[in-house]
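Both complexes shown next keep chain A, but they swap its partner, so chain B is in the first and chain C is in the second.
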Partner chain A sequence: MRTGHFNETHSQLVALSTSRTVWGWTIAAITVVAAAPLLVGNYSLTILVSVMIAIVGAVGLNMLTGTTGLVSLGQAGFLAVGAYTNAILLSDYGWSVWFSLPMSGVVAAAISVLVGVPSLRLKGLYLAITTLAFSFIINHIILYAEDLTHGPNGVFVKGATMFGFNVQKGAPLFYMTLAVTILIVFGVLNLSRTRIGRAWMAIRDHDIAARVMGVDLVRYKLLAFAISSFIVGIAGGLMSLQLRFVNIDVFALILSIEALAIIILGGLGSIAGAILGAIFLTLLPEGLRLFFSLFANSESTFYTNYVFEIRGIAYGVVIVLFLRFKPDGLIGAWRDARKYWSNWPLAY
Partner chain B sequence: MDFLLLLISTGLVTGAAYGLVAMGFAIIYKSTGVVNFAQGEIVMLVAYIGFSVANTFHLSFFPLLIVMIPISMLLGLALERIFIRPMLGEPIFAIVMVTVGLAVILRGVTIMIWGSEPYNFDAGISTTVVKVGGIPFYPAQLYLIAALAVVTLLAWLFLRFTRMGISMRAVAANETAALLVGVSVSRIHAMAWMLSSAIAAVAGLLIAANFKLAPDLWFQGLKSFPAVILGGLDSVVGAALGGIIIGLIENLSQGYIGQGMREISGFIVIIVVLMVRPYGLFGNREIERI
Partner chain C sequence: MKRLAMTLAAFLASTAAYAADPGVTDTEIRIGDVNIMTGPAAFVGKGFSLGSKIAAGLINSKGGVNGRKITVITEDDGYIPARSFQALTKLIEVDEIFALNGTSGTANVMAMMPLIEENNIPTVVSQAPAAIVYNPVRPSVFTFGASYSDAFYAQLKYIHEKNPSKDAVFGIIRQDDDFGKEVEAGYDRAVKEFGVKDGIRLRFKKGTTNFSAEAAQMKEAGVTVLANGGIFAGAGNILGEARKLDLQLQPAEVWSEGIPASAKLLAPAGYDFMVADYVSLTGPANDKFMEMAKQFVTADELKDVSRYTYASFIGLTSLAAAMEKCGQDLTRECTIDNLRKLKDFDTLGLSAPVSFDNPEQHSGTAVGVYQYNIKDGKFEERAGFQQY
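What follows is the complex of A and B.
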């Protein structure tokens, strides 16, 4: 029988992983994903890119909501800021994507500090409503600042090249997104084991107690806003590359709800959970499409007629069922399964 | 001057709509501590059901209202039983997220049943313009303002004088203590959902009659957040007042500041108010201890 795992030193406690097996599996998984353009067609590649963008966005939101405990319903607003920044810098100002993509994160982070300052005294539901309000205001500003954003006409994204490849489609987009995703996931994993990450968790668990212990609430909350929005902004920039056209309609409220659904069903506060949730929820519409295509013609037309409604209902049902039956999310289910596996035939 | 009066009168009408929706939020928040993100969707669903009922039985406004209030209360009860009751004892955040999920489900179901085309729905209210103090109103607009006044008065009387209302306030003040002195907390929660759905019925029918019956009616729920925040999430009468104030601010800023201010001025007000008083204007300040 396997015994429990005990950490004896602090470095063991904060290590990314003490197990070589985990590293092995991680590298194997990345290799398989990296080989995808050789293995699958264009359509599947597009879906893979969407999954990775969702991972980036979910990891960013998870940092704010899962790790720091600041509930945000404003995800769509920051995605919009990132997407528009990238699109405008590329198309209207002719920047290179090397600079415009990081810039979409920087601009989103800068705006999030503006959001963060008034929100410092708030928490819980009041904060959720305030972030919701901000995302409406951001969308509104984008819609009416026509000189910069072309208003309701939207912006076509063009001229994104890296090493001479057009990174708006196919394998180049895939590899660039993969690189960004790996960079961000490892960056966040590392960040969460530093002083900053632990301060955030302290704020989540009890902010007043954290303050008593000497955590500077203002500084760390603003930092959480800024870094999380930086990542979300990058996700928005990637979205604009994949969509090749940004319009304010893309960034509706349902996107914020989808983002929260991802981290809830993945497991709040866990980066692996955010990744699992992003994979699951991005593939859900595909699964629904396949499911309806199994049936006769009438059901397929029913699906194409009500695709947004069915998708919305599916998100809602997934959120409700997970909160009811698996509040720890997919990652909790995985942990239970692993525990059961190693303890079998004993219960504990 | 006429322009100002016109802005104020439309402000009162939109404000009354916000106030009614906001009261639905406040009743549930007051007794369960949950912000019901599905309130706007319930308003929309009830309005659509009312539309179908009115078309089938050719009812005029007051009979329709009398039929729709029990129907919506049953709907509220069913939603509470299916979605909220199983979550009793879970963290507030989880329950609020369930209402967010519920909102998306209701929205999809409504569009799948009634389609996404808007309907004209007069709810059997006449459309002859009435002049009140020189300002022209449609009767439906006056009904809306009157409904807010009546519902506010009823809610105040209910919470102040009835046994049920007092137990509701007890649950709001301290759930465990209320349970210990013999208040059935779960029954109060169900009651709160039923009452808020009853208000949603009044709101839904009148909002649809005043504006249009379209799937974006749910957005009225989100637009009413400023009103609830302004009134304080746990003040039912404050929510009604907040609605009127937000309605006036929106229309005045639209008229005097600029195009599109109607959509966001309420949200700007939220942010300003919460910066000054993080618990709303009439809300109770929560005292936290470690």
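What follows is the complex of A and C.
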């Protein structure tokens, strides 16, 4: 029978992983993904880039909501700030993408502090509504600050090159997004095992107890807002590169809801869960499309008339069923499978 | 050797698909359609896609475009620009479409624009004829449809000329976005030209549902002619609130209220509202179209026919006319050239003739004015297609 893993030292306890198998699979997975431009077509690459952007955004939101327990519905607002910053700096001011992309994160982080300060005493639904209100404020500002944002007309994003390659399409965009995703994921994994990460978890589990233990709530909550928004801003910057056009309609409220659905479906508080959730929810419509395309030549008038409704309902039903039967999310399902594998043939 | 070379040349010449752009085979031309097939605005996309289906059915029943049948491939974007981009990527990469007819909303078509330009896809935009689509002009993009500005000016002109009154007070309520700006431009032009009293200008955020305060302000201002820039349920809510306060109004509406579902939303307020449109809403041309459509769609689908269906039908038939002129050597470049030369193309009376031979590659600017008759639940023509 297999045995569990037992950590004997502090360094083992805080290591990213002590398992060579895990590292081996991680490297193998990154290698396979990195080879994608050689293996798949442009459309699949577009989907993969969308998945990676969703991962970056979900990891950022997970840090705030999953790790620190601060519920946010302002994801669309921070994505918009990041996307507009990158678009304006690139297209109107001629900045290099080397600087404009990090600046997307910096501006989003700076604005998040403005939101964070009045929200420090709020928790749960109250905080969620405050962040939602912020999203509306951002929309209004973008709409009215026409001289800077071009108002409702939006901004075409152009001129993003790295090492002479146009990083707004194809393999160059894919590799840049992959690099940013790996950087962000490993950065957040490391951050979550530092003093800061543990303070965030303490705030999430019981903020009064955390304060008694000496955790500075103001400082750590603001830090959570700033770092999370930095990452979400970067996701927005990447979105603007992929879409090549930003307009306020791109950042609808539904994006904030989808982001929350991703981290809940993946497993709140888990980075691996956020990644799994982002992959699952981004690929779900594509999977449903492929599934329904099997019936494309069906003679049924009902099917041909209502295929889009059926697809939309199926999307909702899959999410509802998952949350009902796997409330711990995909990462919970993975842990159950791993436990079953380790303990087999015994149930427990 | 010479014989072999000649055989090879003859083979290449006979296989038109060899030289053609993506989406064209010896028997088929694939046309893309990105539309709003799910969500609250799905009825717009459904009506639009139906127009493409009817046009393809009609063209194919006559032997296709130089023997090639048209296949329309529809992708849903749910009215979200990011998804429009992804949908068009799929149509280009996976389905290898030749041209594009359905282009969803304004922000959506703008999100697709880099892909359209990069792939030089012949595109007819007839669902979102906003100025930013054709200004600056994109070589492969052709726009069919009038501006909201002209549509509102046309209605206000008709109202003013039909019943000129010194006591008339004009007012406008409009969305706080690019669409609303165009509505206000038409209103602005009208009040300045007619010298009528400009009573009130109100703005609201997209998605607003409660207009009680705005209705009270309109009453206070004594508005008698209202340029209503609300859409669908919004437009109905505005008129509903006005009715509660017993405002005596002549409302002018956005052309989206010309579809049966929207008209039903506005009807309970009891105003004989007006609509201006670049496609015909009523008359023999529409009746003839419905008769013809029955051959190509089911009775269930026929219920979704709306003004968007006519716009889409005109878009695809004009695209097909340009493709037809290319003969067997159908390429995107040739189609674009022929679209640029398209002049006075007959749309079976569903709109003024289509001409793209102008610097903006923009047609359909002639607008007709219609009034909804509450008693019959039907639109009646008040002014035929005119340039404003």
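One rule holds for everything that comes next: the second predicted complex is superposed on the first by the 324 of 348 C-alpha atoms of A that agree within 3 Å, B and C clash if a C-alpha of one lies under 4 Å from a C-alpha of the other, contacts with A are read in each partner's own complex, and residues count from 1 in each chain.
Operating definition for what follows: a residue touches a chain if its C-beta (ideal position, glycine included) is under 8 Å from a C-beta of that chain, and two chains touch if they have at least 3 such contacts.
These figures come from a predicted structure and were not determined experimentally.
Participant: Touching A:Met239, do we find chain B (first), chain C (second), both, or neither?
Facilitator: In the superposition, A:Met239 contacts chain C only.
Participant: Pick one for A:Gly159: touches chain B only (first), chain C only (second), both, or neither.
Facilitator: neither
Participant: Taking the superposition on A as described, I'd like to know which of chain B and chain C A:Gly316 touches: first, second, both or neither.
Facilitator: first
Participant: If you stack the two complexes on chain A, which partner ends up touching A:Gly124: first (chain B), second (chain C), both, or neither?
Facilitator: first
Participant: Quick one: classify A:Gly94 as touching chain B (first), chain C (second), both or neither.
Facilitator: neither
Participant: With both complexes overlaid on chain A, does A:Gly24 touch chain B (first), chain C (second), both or neither?
Facilitator: A:Gly24: touches no partner chain.
Participant: Quick check on the superposed pair: does A:Leu143 touch chain B, chain C, both, or neither? Answer first, second, both or neither.
Facilitator: both
Participant: Going by the contact rule set out at the top, does A:Ile264 touch chain B (first), chain C (second), both, or neither?
Facilitator: first
Participant: Touching A:Ile254, do we find chain B (first), chain C (second), both, or neither?
Facilitator: both
Participant: Identify the residues of chain A that lie in both the chain B contact region and the chain C contact region.
Facilitator: In the superposed arrangement, which is not itself an observed complex, chain A uses residues 140, 143, 254, 308-309, 312 for both chain B and chain C.
Participant: For chain B, which residues are in contact with chain A within the complex?
Facilitator: Those residues of chain B that touch chain A are 35, 83, 86-87, 90, 92-94, 96-98, 100-105, 107-109, 111-112, 222, 225-226, 229, 233, 259-260, 263-264, 267-268, 270-271, 274-275, 278-279, 288, 290.
Participant: Please give the residue numbers of chain A that touch chain B in the complex, ascending.
Facilitator: 71, 118-119, 121-122, 124-126, 128-130, 132-134, 136-137, 140, 143-144, 206, 208-209, 212, 253-254, 257, 260-261, 264, 306, 308-310, 312-313, 315-320, 323-324, 327
Participant: Using the touch definition up top, name the residues of chain C that touch chain A in the complex.
Facilitator: 37-39, 42, 76, 78, 80-82, 85-86, 89-90, 92-94, 105, 107-108, 110-111, 113-114, 118, 132, 176-179, 181, 205, 298, 300-301
Participant: State the interface residues of chain A toward chain C in the complex, per the touch definition above.
Facilitator: Contacts found on chain A: 41-43, 46-47, 50, 140, 143, 151-154, 156, 169, 239, 242-245, 247-250, 252, 254, 301, 305, 308-309, 311-312.
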